[in-house]
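The following pair of complexes shares a single chain, chain A, combined with chain B in the former and chain C in the latter.
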Partner chain A sequence: MNRLLRAFFRPTQKITATGVYTILVIAAAAMVLLGWFLPWFVGPFSEGVGFSPQDAISTAPTGIGTILLYVTGVCMLIVLLSPFVEFTLRARHRALDVRWDMVRAAASVVGLVLTVVVWILVRWINEEPLFGALPNGITTDSAVWLEMYGFGLAAITYGLKRLVLERPNVMFVVGVLPFGVLLPLMFHQAPAFVLWATQSLAIYMLLGLGLNVVVGFAGLLDLGYAAFFAIGGYACASLASPIHGVHISLWMLIFIGAAIAATFGAILGAPTLRLRGDYLAIVTLGFGEIIPDLATNNVFGLTGGPNGISGIDKPVVGSVNFGFNPQWFYWSLLFFSVVVVIMLLNMQRARIGRAWVALREDEVAAAATGINTTTTKLLAFAIGASVSGLAGAFYGAIVSIVSPDDFQFAVSIAVLSIIVLGGIGNISGVILGAFVLTFVIFWALPNLQEWSATLGHTFNVPAISGIDFTRYTFILYGAALIIMMLFRPAGLLPSRARKVELESGIESESLAAVQGRA
Partner chain B sequence: MTALLELDSVTKQFGGLLAVSSVSFSIGEREIISMIGPNGAGKTTAFNCVTGLFPLTRGDIRLDGHSLGGLPPHRILRLGIARTFQNIRLFSYMTAVDNVMVGAHWWMKARVWDGALTTPRSRREEHAVEQRALELLDLLGLANYAGNYARELPYGLQRRLEIARALATRPRLLLLDEPAAGLNPQEKNELMALIARLRGEGLTVFLIEHDMRVVMGISDRIVVLDHGEKIAEGSPAEVRENPRVVEAYLGSGASQEMRSA
Partner chain C sequence: MTQESVGVGPTQPLGEAPAPSPRRERKAALLVAPEGLIARHRGSGVMARTAVPAFRTTYGFISHNFPAIIMIGILASVLGVLAQGGPTLMGNQMRNALVLGAIYALIAIGYTMVYGIIELINFAHGDVFTLSGFYAFLIADHFGINKLAASSGFGLLVALVVIFAVSMLLAGITGVLIERVAYRRLRDAPRLAPLITAIGVSFLIEGFMLAFFGPDNVTTHQASWINGNAFTLGAVAVRWTDLFVLGMALVLMFALGAFVTRTRLGKAMRSTAQDRQAALICGININRTIATTFFIGSALAAAGAIIYSINYGSLKWNLGFHVGIIAFTAAVLGGIGNIVGAGIGGFLIGMIYVFGGSLAGGAWSESLIFAILVLILTFRPVGLFGVDVASRS
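Now for the complex of A and B:
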């Protein structure tokens, strides 16, 4: 037995795990765990749960159901425990033997297959249809989706471990994109959740991607990014609502909104060209305050004052009215996000991307190497703003109303938190940051109350159910950010450069400062 | 000899400090010219004036007879004047090959949209420029470091990487600010060979240098600055014998060193 163990735990193997691998492994385990526990979480208060291991025991023929369930349970345990084992070993500078990867991958595949089998069995026994159309308050199959996704992610991560380590960004997309696409299906019986996902996740992801161009690539700290979001949102709202009697299709508006926001990005960027670091941050902060104030004061009678613009058109494609099918908002946003991600990745690798990084690293050397710092900075502002213009167009169409309150300073800070949390300058990091921030901060924290109450009831501990988490939301938010900065200052998925840079902490000076102009 | 670069009573004043005072000289095509002088003599300031980092207080700088006055640094570079910095200014967290490719930025033709959509034009150009950058790295003996961050390179190699980046801009005139500083004798020999080779390929080289062996070994002419003023100009032999340089400025100990060099 000892020899067998030693064969599997080889002490001297080189440790090659990367951030993406770690995150995929943890995400898989978390999904599996969440799927398992979801029945308890949503049990007493919301719509009930159909599929759960308990259900499988009670409804399937005892023999088959129990055996399947025990096997699934073992697979689940392997997926759940392997990150712990692996990271404990890594802390001691050891690594799991490669053979374990095959074992874990096989366990994940078996788990995936069995989950599907049990799910179909339960449905067949209960004579229910496979997808949706279940009476409200009886069943949801969110748990199954989470379970399947967790096992699938684990199978990909462990089975293709070498690919994950060699091409982390590609595999990150392969792992995350299906989750993004299936999100509304997973929660198709919780429309409120879908709407949440539509509004927050995709919008914030786009905003994060746009701000990342300015802050991450070009190194220009922008604290007023919500201003461009506001400009895009208001521009599109006034062109698709009764306020001016103009009704343009959303699919045209996203380009118009992006163009208008880009123009304003360049205009607002121009006065800040000589500034860097703290000074730039303060000026952009000012812009971030001015734009919502202009909207409140109904500038030129365009913005509708404090009440904003309401009654924004819902897009209709064929027979699908997005107003009644909010998940289509989500999917179209996802589509545009993917397009934006691809274009930004291309730009990052191309001529303009190099110029931005050169500007970030050393503005004086960049100028002395032939880069026009003025146009390069303005391009960063304009391209960054255009993405938020696109987000603004969708935002207005989704919530039907834009008002100055939607574009306050807190929005700029939330978007900045996303890219800082995820990893400044790294597109995968920004996507992950949007996921984490929207899931944890906007969904988990507000729901803590309900969950703790459920937990307290289940285990009969009144002290747990008595905690009023709504009071502590911002404390928890702040604590999460502080912990992040202490333990992973470069973000969850740091860009390679950023990781080294933070360890050395060198600031570069501005060209204008060297020339004596600022 | 036609003058490539002309400094015409160039003056740069910082508040009460006269950093460069009415300095005039000219550099001919395919010449190697050195500027020497004690610390604080205004050598790097003169470089910064030529490359447009500092606006001139008075005077004029002409390239091929056209004034460079008021042009921003990137425009001056595009006219053919590239430089390196005394305190190395590489893009620390870019790879060596990317650093050199930044040098190619201004003459690349791909627009932003080409890059965003990775059009064939952008892809072809990126590939060609990358090959060119790798050739330059190879020329400077950096081929094995192409994928390393500039910051990770040893000091001597960082100096060479700066030269590679400057060469990628297709300059006519190369300004080197203390290229031999911190190099060992072997590396200094390689540097001298490289400068001679660059001149052979049609480049004009203008350098600031403290190392007398390098200065005396490769320069066609030497300009001596002290307290912002030009106190001597001439061939290495002339400058070496110039009493003003030797006595008033370099000191007697240094004159010994120059003779032995």
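Now for the complex of A and C:
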């Protein structure tokens, strides 16, 4: 265990240090901003975000309340604006004075304390004269939670900047993992958000991690990844629902689903072993189309046809029925994600991981150095597919109905976009990409539509209210893929080896010219 | 036998008792020879010795006779349809297959040309097809072409010339634009990068079509342009539309063939496809040649799209995805990079799609095509008449 932890936290395995620092800075600023204005962002269309400092200000507070709030506001502005100052300076090759880090850290701590104070005053003491006339019956505090987390993250990032730069992985885990764990608690009054976090974020993060093995580590472009997701989902659905009368526990099923998906991964991999990258892409694409087709056509009467399989069992652990408490799904998914991440990090460093890299860089050379390309490729497919099978089994249990429409080509492309956006081959990048993309696609866009509808009605502009933002999903996928590939091919958080490979087009071209095979 | 299979036979002194278990044998072998020198066999040696060569032979047989097998399969399905529904059904399906095949052939040529010249699977090609169908739809609806076509025979001719010329031009420009914006920068990047970009372009185009034309089928009015039956063979009615579609496709394909083989630019294209560096040294403008390739490919896709909407009368935003994969299968079947192969492959795929679908049920026809694609790439990646591209690079 000790060795495992040490391997995980080893500083030599860091993604670029400034990358993690940037992420944490931006995340802290975003959380502070979101916490402050959360009711404005989500108010019109989402229940249960409740009180935020901005509410307190807008009710015209007096005396000490004013001072508290405005000092908090100044702290917020410092946290909010300092990334801009810092990145502008860095763009001119100048660094911020160390003293300023301390100022920023202090501001974050003050902001954190004051937010807590204001929150206690409003929420528990309900000090009327201090904060004007706040509406009665405020029961929720997601905004304040977010605000506090943001200030706390800023305090850690600025106060322990050296540590962040030296041990980025540890600090990434310290900074981000609590947010992941606390998320259902912070938004416990906004079930839609928890559901989003479970059904979109966690699932797609797992899918991204799995596809990253195939595409990122081994360099095999898989465009039919949704097929394995479907296999996992259908395995869960058919073994834990009334359709065949079999009811197996989900905790067994995730392994069964993973095993079946891995088998299919190897089966698919076998005929493609001799193929080059782009042919492989097409074959996997074809496979990804065949699987939903088989499900639609109700092959062997297993899959329930176009309507899919419904009524999938919800797991019950002790007195907790996951069906009524979706946050437990979220936590189990998070647990398995962490397990998968640790597994993949170790695998990446192990013999097999290095074999994948060698295969990706040059197959002939890899074979010449004694790597068994067949098993290496098949293992990449199988391991990638098994993660997806696990995600699929969870997905079936979460939404309790699987149908062929859930596993269309767009799913494969969404997962591909996640890893391209985050950084091909980099696990932290995949997590970041999953967060950004699922937030935009599955939370912001559908809500934006509702929001603009409200806006359109309020200001009587029918043109705004009629926009169907979910229609732009495809444009977003496409734009993300093109822009990333053209301007930042290594992704938001590049893995170093991959960056060198993807940005060295000129050298490899001249090399190719020398070898006469361009 | 067992001894030999774990590679200890020659190294063990004669007369010594054979080791009881394979594990101990390997240990013994380690004592006498470095590990790397021992031929390692995993699993049962007997199984491997009989199964692997049998597998190889079977694979080799199928791979070698793949064209024959495909032809026999198509013929069998044609005969199956004949047995199932008599000559009328077979005739009708043959007509459908030829029309569909003509469309696939026109699209497949675009795939194969682009692949031949820059070795990129242009995923966006299928969507360029749909987009140019929508170009034609918009032109026909907004500039009174529909009325012109309905007015008289001469009007119809003018309408057809206008719609084909303008749409093909627009589609060509779209193709050139895509190449300029998305692919040119990545021409020398690692293979994964342009491929992902191509998928991005495909989704971008689909997204725009979804945003502008909505998620449902859009009825184009070109289906009513050409009316009536040309002649009937038995109970099989051949419409003027069918003849027009086939004729148009063949004319375009032969024109393309003449262009590629007879003109200077076609020669430049062929040489660029053969060796880009050498072509550059010979003074060929690579960028212009590649742009031309994209222009022609997209223009042919536009012709295919107009033919499609004349024949079927409706378009949908994501039509290009499925049609694109099927056409790509046609290109692979004919040997990717081979223009004549793509034309023939298109017609063959049309027949597989129609007859196979007729036998297995319409819901299976697309799965059938994907299965064929996987089979081709497994057994004969070079296609029916292709050069050996699988081993290239």
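What we mean here is this: the second predicted complex is superposed on the first by the 415 of 518 C-alpha atoms of A that agree within 3 Å, B and C clash if a C-alpha of one lies under 4 Å from a C-alpha of the other, contacts with A are read in each partner's own complex, and residues count from 1 in each chain.
One rule holds for everything that comes next: a contact is a pair of C-beta atoms (placed from the backbone, for glycine too) under 8 Å apart; a residue touches a chain by one contact, two chains touch by 3 or more.
Note that the structure is a prediction, hence the values are computed from the model and not measured.
Enquirer: Determine, for the superposed model, which of the two partners chain B and chain C contacts more residues of chain A.
Expert: Looking at chain B versus chain C, the one contacting more residues of chain A is C.
Enquirer: Tell me which partner A:Asn346 touches in the superposition: chain B (first), chain C (second), both or neither.
Expert: After superposition on chain A, A:Asn346 lies in contact with chain B alone.
Enquirer: Using the superposition on chain A described above, determine whether A:Ala358 touches chain B (first), chain C (second), both, or neither.
Expert: A:Ala358: touches chain B, not chain C.
Enquirer: In the overlay, answer first, second, both or neither for which of chain B and chain C A:Leu481 touches.
Expert: A:Leu481 sits against chain C, while chain B stays out of touch.
Enquirer: Is A:Ala368 touching the first partner chain B, the second partner chain C, both, or neither of them?
Expert: After superposing on A, A:Ala368 lies in contact with chain B but is clear of chain C.
Enquirer: Let me test your reading of the model: by the given contact rule, A:Tyr472 touches which partner, first (chain B), second (chain C), both or neither?
Expert: Touch partner of A:Tyr472: chain C, not chain B.
Enquirer: For A:Val283, using the defined touch cut-off, is the partner it touches chain B, chain C, both, or neither? Pick first, second, both or neither.
Expert: A:Val283: touches chain C, not chain B.
Enquirer: If you stack the two complexes on chain A, which partner ends up touching A:Pro489: first (chain B), second (chain C), both, or neither?
Expert: In the superposed model, A:Pro489 contacts chain C only, not chain B.
Enquirer: Do chain B and chain C touch any of the same residues on chain A, and if so, which?
Expert: 501, 506, 516
Enquirer: Applying the document's contact rule, which stretches of chain A touch chain C when the two form their complex?
Expert: Interface residues on chain A, with respect to chain C: 215, 219, 221, 223, 271-272, 274-279, 281-283, 285-287, 289-290, 293-294, 296-297, 409, 413, 416, 420, 424, 471-482, 485-486, 489, 501-502, 505-506, 508-509, 512-513, 516-518.
Enquirer: Quick one: in the complex, what on chain C touches chain A?
Expert: Those in contact with chain A are residues 119-121, 182, 185-186, 188-197, 199-208, 210-211, 215, 275-277, 321, 325, 328, 332, 361, 363-364, 366-367, 370-371, 373-374, 377-378, 381, 390, 393.
Enquirer: Which positions of chain B touch chain A when the two form their complex?
Expert: My answer: residues 14, 51, 53-55, 72-74, 77-78, 82-83, 85, 89-94, 98, 101-103, 105-108, 110, 112, 114-118, 122, 125-126, 149, 151, 165-166, 169.
Enquirer: Note which residues of chain A are touching chain B in the complex, please.
Expert: Going by the criterion above, the answer is residues 343-344, 346-347, 349-355, 357-358, 361-362, 364-373, 379, 383, 496-498, 500-501, 504, 506, 511, 514-516.
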